[in-house]
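What follows is a set of structures to go through.
Across the two complexes that follow, chain A remains constant while its partner is chain B and subsequently chain C.
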Partner chain A sequence: MRGTSAIVGIGESTYYKAGAATESEFQLTCTAIRRAAEDAGISVKDIDGFVSYANDRNIPTRLATALGVRELRFSGLAWDGGGNGVAGALAVADAAVTAGYANYVVCYRGLAQGQFGRFGQARERGRMRAEGHEAFRIPFGVVAPATWYAIIARRFLYEHGTTENSLAEIALVSYDNAQRNPRAVRYGRPLTKEEYLRSRWIVEPFRLYDCCQESDGAAAVIVTSADRARDHPKKPAYIWAAAQGMEYRGAAGGAFGAGYNDPEFPTAHLKVVARQLWSRAGIGPQDVQVAQFYENFTGMVVMAICELGFADPDEVEDWLLAGNIRWPNGRLPINTSGGNLAEAYIHGFELVNEAVRQVRGESTSQVDNVYYSLVVAGPGALPASAAILSAER
Partner chain B sequence: MRGTSAIVGIGESTYYKAGAATESEFQLTCTAIRRAAEDAGISVKDIDGFVSYANDRNIPTRLATALGVRELRFSGLAWDGGGNGVAGALAVADAAVTAGYANYVVCYRGLAQGQFGRFGQARERGRMRAEGHEAFRIPFGVVAPATWYAIIARRFLYEHGTTENSLAEIALVSYDNAQRNPRAVRYGRPLTKEEYLRSRWIVEPFRLYDCCQESDGAAAVIVTSADRARDHPKKPAYIWAAAQGMEYRGAAGGAFGAGYNDPEFPTAHLKVVARQLWSRAGIGPQDVQVAQFYENFTGMVVMAICELGFADPDEVEDWLLAGNIRWPNGRLPINTSGGNLAEAYIHGFELVNEAVRQVRGESTSQVDNVYYSLVVAGPGALPASAAILSAER
Partner chain C sequence: MKRYLPESWPLPALTPLNRPFFTSGRIMLQRCSACGTVQHPPEEVCHRCLGTEFDYVASQGYGVIYSYAIQHYAPAPVLQEVVPFNIVLVQLEDFPEVRIVGNVINCPPEEIAIGQRVQAVFVPVTDPELDETLLIPHWERVD
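Let's turn to the complex of A and B:
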């Protein structure tokens, strides 16, 4: 199953701070898809499959009608959770193409938080019914993503002697990379460590700059079979391996966490995904040149780096502060577009576009000789996912 | 892609009239999945993929935790629309297994309308915003499924000289078959043509018995690779072909209909699906021995029968009244469990279980020598879908 499909086109709308877009979320999504088709050298009418995640509001029937798609042949969603579905969607698209259900699947995410509500604040969630695992969270004020993940990251920091310096490093690297990327919402807005440390608490240990942006925009890629991929203008980025996963964690786990009394409580839920991913790929962390780690919160990125096998948890702070994730000379430059923190938060899908650029040699923070380009999605949410793109089949 | 995967287990909860279940929808879903695993001769812990449709509330992470699944490896949803996703879900499951993402995918639907609200009545849909194609429906009182489909079926009847006798035949056949099926909610409640004709109008041309039931229950099947399928206790039902589709219909079409001024307005949206399905299967309607047609409304079943190629629209009434869909001697017995009308309305997924029984020889209205068993989903909704199960690979 290695490299049976490839990404042959990428596109995105203009990325905006939430509320700044003048187009509707649906229009932004159409724009991203049109540009991805153009980049692939196909007519948008030849798209015959649609895949997204996280209950994307931009449904295939409406998009297909607006775009003039001749015949829709596949429509699927990576199911359950939020931005953890980024690489899950690539898995669904790869499966659809590999099994022959469609020739050109557009895999995308449209998200205009300025038009449909923000993710970051507490709000009525099913009338805040404290049922299931929510019974262990809602009564204690753990009601929104920053609070969910803060207690997980806090425990990781405590157990492994990791400090705010590691969290800062993730944020500073993203902002640094964004200064070379004119698409980035935070382009021209560099961040210093002093500004990072002065920024306000959202919920300890997360300051303002530890949290992903809120954005309006859309991003899309065109997935086709490896055989067809060679006939397109741009260098294919083969879907070398993708994995979606969740281990059994006991009844308290629910969708978002291990049991609170579980030694594995401070997890990004990526260990099982990493095992699947490296096994399917037939390679290991040492073979990857560049990675995009979904930054919901910087602390979760630190944990994801460890769970994918790039650093030991007890040594990750030294590893980070030694410059390993910095462009251009680090061992593993990450979030080379600026990522969720500084390019835009398109529920993480913009990271896939950047992973493709790295394979093509088109990034504004291009890493030399990229053969394997990694995307890791939504650390801490379930089912977690990750994918490896490759330069050759 | 023919027969690369197979259904090796089926299960269902007790089926109830909506509101009559004492278990929760989630418990009903767990029961169906446990029974499907048992029927497949596997531990429920070995399920590693979850696929459903229509925004099933019973999400994989919660199910996997409750069922003790060891490792979840795939989680996907057939996307967009309602019961039209039945065969789309089989396509997603088949793709996941065929591409190697999971070994045992459970494909299922849990639906307790008595616990979460009914589909059949007008209600606030996004505050009834008459945007997009809804601008052509909501102001005229076309606000719920029966009204959406009534105008489509009415036009078909008008154009092809079809009468209430065709609609009655669909309902009577389903009720007749249900009298042999103790699982059916309407078991022991036979329906005569006189009772059918006396029943109240829901919206012309649909009477009470033209509309699917409202039920509480769940149904599930286990999909695995064709290679593994041979090692399971029950005879495999191979997924010979599946198709999901939508043709371009112009901007007025939206998710539910062709433009109102379109000559193709009275369609079940299955023509494109039929073309894909027969082409992928390498067979035609003449090769199928038994079929399960999703009965949202009887009129849509009549149209679906025509669009799949079993009868010409101008002759379908004669074809129906000649007994062609009656068990046991009709050319194509349909809805042999009683279907949505008389077994239970599990958003149509119970039809998949019955299609498998027909391949195995386990139906209470068993057709002789079944080699190809057809399921047609949600006529009139988009993207439409259908699948063919086969007795051999």
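Let's turn to the complex of A and C:
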């Protein structure tokens, strides 16, 4: 079951620094969906399915009502965490249109951190108590995602002799690509390695530029069956394969990214995803021309690159510093829009739009002859997910 | 001995499952009464045999730092007064499959290192709303 569905429309709101949007999160989300429908050459009223991933406040019934959708026939959600579900949402939409539960499924994310506050900032609630698995980490100060993942990344760096040079390379590549992308919040704000190294610590081993931005915005795509996809104005980006997954006892010690008693710790939780993805796709890492890796924190991207099979963990630093992820001549240019670090942090969904652009030939950092375009979600958060888009079915 | 993080920082909500860990003054690990499997943190079901009855086994309380982070940015205003602070993941010597999140006391951030041997020490902290004293595990360097 490869390429039975396709993305035929992409849309996004203007991307803002957190707090800078003049519209509400719900309005931003409606704008992204409207633009995705326009791009697909359909009316928003023809959308009959809604899929997002955990933590989206913009629920399908409210959206469908506000958009004047004639009939909502399907709704679905990739569970848990947050950005780990980006490609999982595509998997749900793929299944829905392939099985005929809906004809036009919109996958979306709205995120206005200015309006609703940001991830990673604990709210002041006076004395509160930590419950469930959180009782074993919050009382010790493990409260923000940056901290969960710093503990994972530190062990990876230790085991494989990887250094800040690898983390820097991820950030520098994202910023470099953003300088060609006028949508990017960091457009016109280049980053040098010296500036990276001088930036303040958030939580060691992560500096400021190792952490995703905080943004206001929304992004959306329209998924339909491969048969319908041919009748739309834009070149379809087929959902060649998608996968979600988690290894044995991956959340032992805490859900989200804090599975410190996972037998495979330190992991980005992408090993099961990678096995399934390549198996379903019938191709391997060598066949992919371009990739978008969700950057919550640079260290997790380094781990994700390894777990997807692009580099050996013990050699990943050399592989990165050899220019392999640089546009345009690297073996695998990544995060060609600037991604979470430098385009906008729309909880990673903007990466799907960019993966589609690469298939269409519409990226501001276009890679030549893209046939397979990879998007990898939420390294460290779980269940993780990934998807391969293709130019043909 | 004072708590490493501020007195007003959240405490665990005590439950039958976690009470031994946070009140006994020892590193108490959940053990399945049916099959003897040890799991941490405690869960309502044994992951090996799906048993639902448990007892607790005490670790000797020695371990090594398996990983760590040094927190510079305060994720909540009350933590401003203590940054930078350390967070460690301790692998127990007698239960090496178990890793415990905690803080090392009497250790400057730059001296925290993977492989450093540590020992559990317990700091009494009174939960003012419950009028109950918890014994919160902390870690101290040992040779």
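The rule we apply is simple: the second predicted complex is superposed on the first by the 368 of 393 C-alpha atoms of A that agree within 3 Å, B and C clash if a C-alpha of one lies under 4 Å from a C-alpha of the other, contacts with A are read in each partner's own complex, and residues count from 1 in each chain.
Rule of thumb we're sticking to: a residue touches a chain if its C-beta (ideal position, glycine included) is under 8 Å from a C-beta of that chain, and two chains touch if they have at least 3 such contacts.
In this text the structure is predicted, and so the values were computed from the model without any measurement.
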Inquiry  = Quick check for you: in the superposed arrangement, does A:Asn55 touch first (chain B), second (chain C), both or neither?
reply    = first
Query = So, A:Ala237: does it touch chain B (first), chain C (second), both, or neither?
reply = neither
Query = Touching A:Thr147 in the superposition: chain B (first), chain C (second), both, neither?
reply = second
Key: Contacts of A:Ser75 with chain B and chain C, given as first, second, both or neither   = first
Request  = Return first, second, both or neither, reflecting whether A:Ala112 touches chain B, chain C, both chains, or no partner chain.
outcome  = neither
Set intersection of chain A contacts, chain C complex versus chain B complex = 249, 253-254
Query = For chain B, which residues count as touching chain A in their complex?
reply = 1, 4, 45, 50-52, 55, 59-62, 64-66, 68-81, 88, 91-92, 94-96, 98-101, 132, 242-251, 253-255, 272, 276, 382-383
Task = Give every residue of chain A touching chain C within the complex, in rising order.
result = 120-124, 126-131, 133, 135-144, 146-147, 150-152, 154-155, 158, 200-205, 249, 252-254, 260-261, 263, 265-266
Ask   = chain A touches which residues of chain C in the complex?
value = 4-5, 8-13, 15, 18, 21-22, 39-41, 47, 66-73, 75-79, 84-85, 87, 89, 97-103, 109, 114, 128-129, 136
